[in-house]
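Across the two complexes that follow, chain A remains constant while its partner is chain B and subsequently chain C.
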Partner chain A sequence: MILLVPALALFIVACGGDDDGGGGGDDGGGSSDEPIKIGFLSTCEGAFGAFYEATAGGFNVPLIQRGAEPVSDTPSDGVEGAEIAGRPVEVVGYGCSDETPEVAVNEARRLVEQEGADILVGPLSGDEGIAIANYAKEQPDKTFVNGAAGAQDATLKVQAPNFFRFHTDGAQWSAGVGEYAVEELGWKRAAVIGDDYSFAQTSAGGFIADFCANGGEVVKRIWPSLGETDYSSFIAQIPDNIDGIYTAIGGEGLISFINQYIEQKGPIEPDEMIGNLFVDDPIVLKEIGEEVVGVTVSGNTAADATGPDVEEYLDRLSVYPEVAEAGASVFVYHYYGAMEAVAKAIEQLDGDISDVEKFHETLANMELTGPEAPYGDVRLDENRQAISDNYIKQVVPGEGGKPPTVKTIARVPQVDQQFGGAFTPDTPSPDRKNPECKDYDLPWEGKLEPVDFESGESGE
Partner chain B sequence: MNISVRSAPLTRPEKIGLGVIAVVALLAPVIFSNFFLSALLTQAIWLGLVALSLIFLSSYGGMVSLAQVAIFGIAGLVTANLSEAEGGLSVAIDPWLAAIIAILVAVAVALIFGAIASRSEGIYFLMITLAFGVMVYYFFGQVTSLAGHGGVNNVAIPGIVGDRVNDPASFYYVSLAVAAACYFGLRYLGRTPFGLTLQGIRDEPTRMRALGYHVEVHRTLAFGVAGLVAALAGVLFVWWGRRIGPGAVELATVIDVLVVAVIGGLYRLHGAWVGALAFVLLDNYTRRWTPEIGDILGPERFNTLLGLIFLAIVLISPGGLVGAYESLRDRVRAYFAGRRGDVQEDASLAPPAPDGASGAAAGAPADRPNGPVAAQADVTFQRSKTQTATPEIGGEE
Partner chain C sequence: MATSAPEPLSAGIEAPGRLRQPKQVIGGAVAALVAGWLIVKAVGNFGGFLNATLLGLTLAGLYFVVASGFTLIFGLMRTINMAHGSLYLLGGYIAFELQEKLFSDNKGGFELSIGQSSGETQYSTIEWLVPLLIAALAMGVLGVLIYQLLLRWNQGQELRQALITIAVIIIAGDQMLAHFGGVAKDIKLPASWPTSVDIPLIGSFGFFRLTIVLGSAILVGLLLWWMIKRTRFGLITRAGVDDRDMVSALGINIPLVFAAAFFIGSLLAGFGGVLGGSMLSLQPGQDSAFLLNSLVVVIIGGMGSLGGAAVGAVALGLVQAYGASYLVFGGTDLTNYSILLTFGLVVAVLAVRPYGLFGRPA
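After this line comes the complex of A and B, so read on.
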């Protein structure tokens, strides 16, 4: 066999050499010369690959705002000279997953165990988030701050003490929209269609809980696979005798779904469709354009919001013009919030994060306000899950040939993950059949605050 | 120099090389960083095992099966569901018992797959096994009570094995022991009457059938054996990553395993680990090393570089890395040995085997082109493939 293999062995020894210190022996670096190592994890392939640079931009901006220089207009090229509280900060890698938990965990391992990241910011997608939260339990001395993954289980069920999520989850993004459907759109019977995985089921679960709590009935739940390309057989399953459909299809699939829906069912009646945050994501709206004008959506950002905090936030993003255009995209906003929280926590500890427990405690008590969280203050609950505002919005035509945008209708203040007890660590995870459609007791029932940003009536 | 089928003696540098490998493998936990040991070497071991099951079927049975990843996944899925875990059934029985049941289930499924696939040949065989693979993938994704897109997380592992983060050395040794057992077991099997018959069937199914051998039964049993190896890999994989989901058995993984087998060398059992190690190292390090060439290439497009490297390996050496080495070695030998054409003396009794019929891998392929069976005019699909991979003979003009 064999000459080849000693050569390989030598190669391995050579490779093995440069990984020293990446093997988990790092303690977070107590001395002030040692850089704090941060890893970034998002998806650059698969259904959400299009959001990669948006997430990288959101992640870089808090570092740039603290003096780092972007290497180029492409956010994933990285930043130079990053420093927080006088401590140098090194971004050890921009990890790339494909929305499968397998690849996400492999990338996390590479960033944490090989590149020696003390802190990992990411991932993007629901099931990845659950897998990374589980991985966090294997690495108790490292810190994991979720990027944009919105599956409920990642915080409510897994409860890793070193996993933090500074944005609301998929169900929270649906808070209030069920009530809006019943009260304003007059829905009594609805169907739900969504990707067959944890985030979409969390997202739809929030709608179902909110809709049923207000007396609505969900008559059908349809779950095409994530990344499906042909939705025709699923669209055919949508019953006729319903008042409307809630769609929780994300990423590239949504574009195919909308087009095929129109082919099969005719133009979308605005009062008969509600979408989750993917429908009004600025990056997606560019693609599906006019087709969804008038449709109701919900989520924790409001693209039409004005005021000094939003302006300051967009100004910070302006180093990357394309990212700034999509400031209300949850992918930009959530990665920005995650990195901002990390940076603030490091500042509060004067750059010394060698005491990991203290660092975790600081993060757990962190609040994001003002331009750090321009769409609503953020604080964490006991499972290190964000509590923040949610918005009911409507897609409206863009001005002067621009792609459509949204007009915010109402705000649901300070939504918590557990929906006042509808979701607890002991209730079944949102899946194809759960949550049940029954009368939940929601804290925000009947308390939707009307909002009109255009006339400056922000409700604050 | 007398290359015979039974005793192809290792040359001195080869013996030294083997010794170095053995020592490096045994001392790996001391030599390498924890990450290298737990994430790369251990991964190469279980990935190599899956490839081994494919290489076994291909080299001994002439069956390039794309269903091995499915068997691997089934073993992993059963282990994960029977053990304590988040997601799945979480039956929470003892992890060892879970693993044993998983292996039995996987082998049973492999036998069923084998019984169906063994009746077909060539491209149809490829399609049938691919269909099995895709079927299992959709089963994983669709049966949400067992897995679903998110899979099963945080699977409990037996204490002795140790988890890969806190106790990488013991997990590594367990994997190494399993791999060694599989390797030597399969080599032994290749020399048994069963193994020899299988090789006969690989080359001349019609003739073997005429001689009274039950071709389908032998192929099915070979599937079962390969299934056992793949199942062991599946259990190791779940204990290693502590999770499994559809991503573990998707088409990309099937291709990865095929790539591992091909770059290692589809016709040598040890090629599985040569290929796996090369694959894992390239997969990991191309992310750093990929040069920036305009918009065409860059670290974020490491997959492109990876693909180019694999393409180059296969183009330069159809026998993969092992084939490249053997071809090089034979050239060197030929250079030193001059013209000694007495190579095929006692090859007459042996089928043109890769590892099995020869004591060691070395030398065996040299017999193939002129071996008695291969000399027959009837060239089957499988054999024409084996021949592509055959390195040049030492004593050739």
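After this line comes the complex of A and C, so read on.
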């Protein structure tokens, strides 16, 4: 009797408020005075909620660049008077998910089916990305441009013809770092710890493939759930007899993880940890930078990069000073690149996107260069997945009281999603056990290009 | 047809007697297996085993602080205060907000930051204790208000009271989300406290978990025990658990005692929220998570029993810690399923003792 009540209560709590979207969409994009409707989808709750304004800022800037006015200092308040190629552009909504695929699809439905968005830019995180790519198949006449979600499956497996990703995926962000671990840090045995979901497993998968291809051995893979608050039991599982740990923990959890890691294992030995892009995200470095100085990281941005393209990019971002400071954050950079690609495609068609097939073809052939992609030119492969550069970096102390930043060590030029055949549509998706640790044949083995931005070696 | 009827009937009568034996055998076998497996693991890596045990115990400390308030209210009133988890989370959020507003050097306003605001501010011990005290007291008062405004006029109608407090969870959960946002927040610990302490065989271990959380749990346990065994309030509480009607017939002001129980129970939820917000973090969903933890603890220990809450908390903490460390069999890593062990524990306890380890029929 007594147990009935809690069961009922938990049932109700678990099912707490979600609402269904419905209703027909209208097909816009026809005549030239009708606005082109664009929906924005990111996450404002959960492990990545803190990146919401960063993504909205990156998304708004290409519109502002084309004459729109920001409504306020807060990016998600929107922009006014946006126009691309003479066509008015309306942002129909700034959608907010909580990193779960259900909520992301609900929000996408609201923006596309109720608010009538022709183009959706988003979402932010891995599982959401796979769900939205699948949803894209339901809406063949709409256009979906990924925001910052980095799970491999969204493009490699789902292959929706109207889903485009103008940034490299989680595995590509690890290209070269396994070789660096073996050759420069002297790692032979490593453990991997990451969030138990598609992006972190893609990110760790890239490291595992790269590390094992160079003769390393991954002895343990630990997967705490995304949004975990107590990592102590998981940290206790890290074996002692390893040369280093690769961390693919993201968002809020990373702060708890680093603090609890230091609590249990003492200060971080820089040569014994490699982090994925979350570790050197400028927004995260503000919080835990001091603790991770010296740690190696990899990803497709380079905060210390110089040169006219980077300067132009940061100048464009400067309408939102906070966002400009985090210009090398993938959350700013990827949403910026996504919106830039959309805007360029509309311009190439002189504002007439009524022929959806033509619009999709234009996007598929789009290349981002110069200030549109200051950290490395972007083009798409046959699955509409970006091929671009990757960087090996080290966290270094900030100058003059600023938070720590990174110093770029090496570049891996034009990394492809399939790792030269290690990942194909037929290989198992990265998960708790995959990819296997074996000798893959990677195109960039032994070809890391040393980079030193400080000496003016920007070499685009 | 009529002739065949008695057979299944008699078989049905005999069945309970026959079934009791296998149930105990299975229970014993499972317990022996678990114990053997833990011993093997402990011998293999004793430091690691001690570490897991200590992690479990510190987690148990947090669960106990929260669940002891829950079981106190239930013991006296037979009311399951479903909003207990909401009081936990709100208590933590209030302490966080107070620490930010009163003591932070941060200017506020729009800033891109993850989780909490700048990590620059160094807080002193007082700047941690004051928010703790205010938040805990505020939750105590809020608990009394919930009792006076929502529950008092439904005295004796347990199901209705439970449903009202479920409504409180949902409303409070959405209000907290609207006000505090969906991003996790940490209550900052005093800068003068060490991060970790060195323990022989284990190495470093979190200072806050070990001393403050575990110490608070022991202190709360002792204070509650003294209150229940040695004070007039405790006397009435114990009598009320056994026969509430008789207690009120003796002229004791039951509403006052109930309000006091709600005050103390809710205060403990708020106190737990501040401990949890400092040790882990505060985010939406933890209200129901800690309601679930408290339910599991008191269901294992027995509703209304303080000792039961302590045993239940230790059982839950240890099962979670061992589950996360030791569910590896050769190449098969099942640690992701360790959450299932928690419910396995509940099922096992209820199969053997339907009222929990220390519980009695209401």
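Brief remarks on what is shown
Throughout what follows, the second predicted complex is superposed on the first by the 432 of 460 C-alpha atoms of A that agree within 3 Å, B and C clash if a C-alpha of one lies under 4 Å from a C-alpha of the other, contacts with A are read in each partner's own complex, and residues count from 1 in each chain.
Just so we're on the same page, contacts are C-beta pairs under 8 Å (C-beta built on N, C-alpha and C of every residue); 3 or more make two chains touch, one makes a residue touch a chain.
Nothing here was measured: the structure is a model prediction, and the numbers come from that model.
By the touch criterion defined above, A:432 lies against chain B and chain C together after alignment on the C-alpha atoms of chain A. Once the two complexes are laid over each other on the shared chain, residue contacts for A:236 go to chain C alone; chain B is not touched.
Of the two partner chains placed around the shared chain by superposition, neither chain B nor chain C is touched by A:271. Of the two partner chains, neither chain B nor chain C is touched by A:347. Of the two partner chains placed around the shared chain by superposition, chain B is the only one that A:113 touches, whereas chain C remains out of contact.
By the touch criterion defined above, A:130 reaches chain B but does not reach chain C. In the superposition on chain A, A:101 contacts chain B only, with no contact to chain C. With both structures placed on the common chain, the touch criterion links A:198 to chain B but leaves chain C unconnected.
Of the two partner chains, chain C is the only one that A:73 touches; chain B does not reach it.
Annotation: chain A residues 2-3, 5-6, 8-9, 12-13, 16, 44, 196, 225, 432 touch chain B in one complex and chain C in the other. Across the interface of their complex, chain B is touched by residues 1-6, 8-9, 11-13, 15-16, 19-25, 44, 76, 93-94, 96, 100-103, 105, 109-110, 113-114, 126-127, 130-131, 134, 137-139, 151, 157-158, 196-198, 225-226, 431-432 of chain A. Those residues of chain B whose C-beta lies close enough to touch chain A in the complex are 10, 13-14, 16-18, 20-21, 24, 31-36, 38-39, 41, 86, 141-142, 144, 148-151, 153-154, 163, 165, 241-243, 245-248, 250, 268, 270, 274, 277-278, 281, 284-285, 287, 300, 321-322, 324-325, 328-329, 360-362.
Taken in their complex, chain C has these residues touching chain A: 48, 51-52, 55, 59, 80, 82, 110-116, 118-119, 158-159, 162, 166, 169-170, 173-174, 177, 181-184, 186, 195-196, 203-207, 209, 279-281, 283-284, 286, 288, 291-292, 295, 299, 303, 320-321, 324-325, 333, 335-336, 350, 362.
On the chain A side of its complex with chain C, the touching residues are 2-3, 5-6, 8-10, 12-14, 16-17, 44-47, 49-51, 53-54, 73-74, 98, 196, 221-223, 225, 227, 229-230, 232-234, 236-237, 251-252, 255-256, 259-260, 262-266, 283-284, 286-288, 322-323, 325-326, 432.
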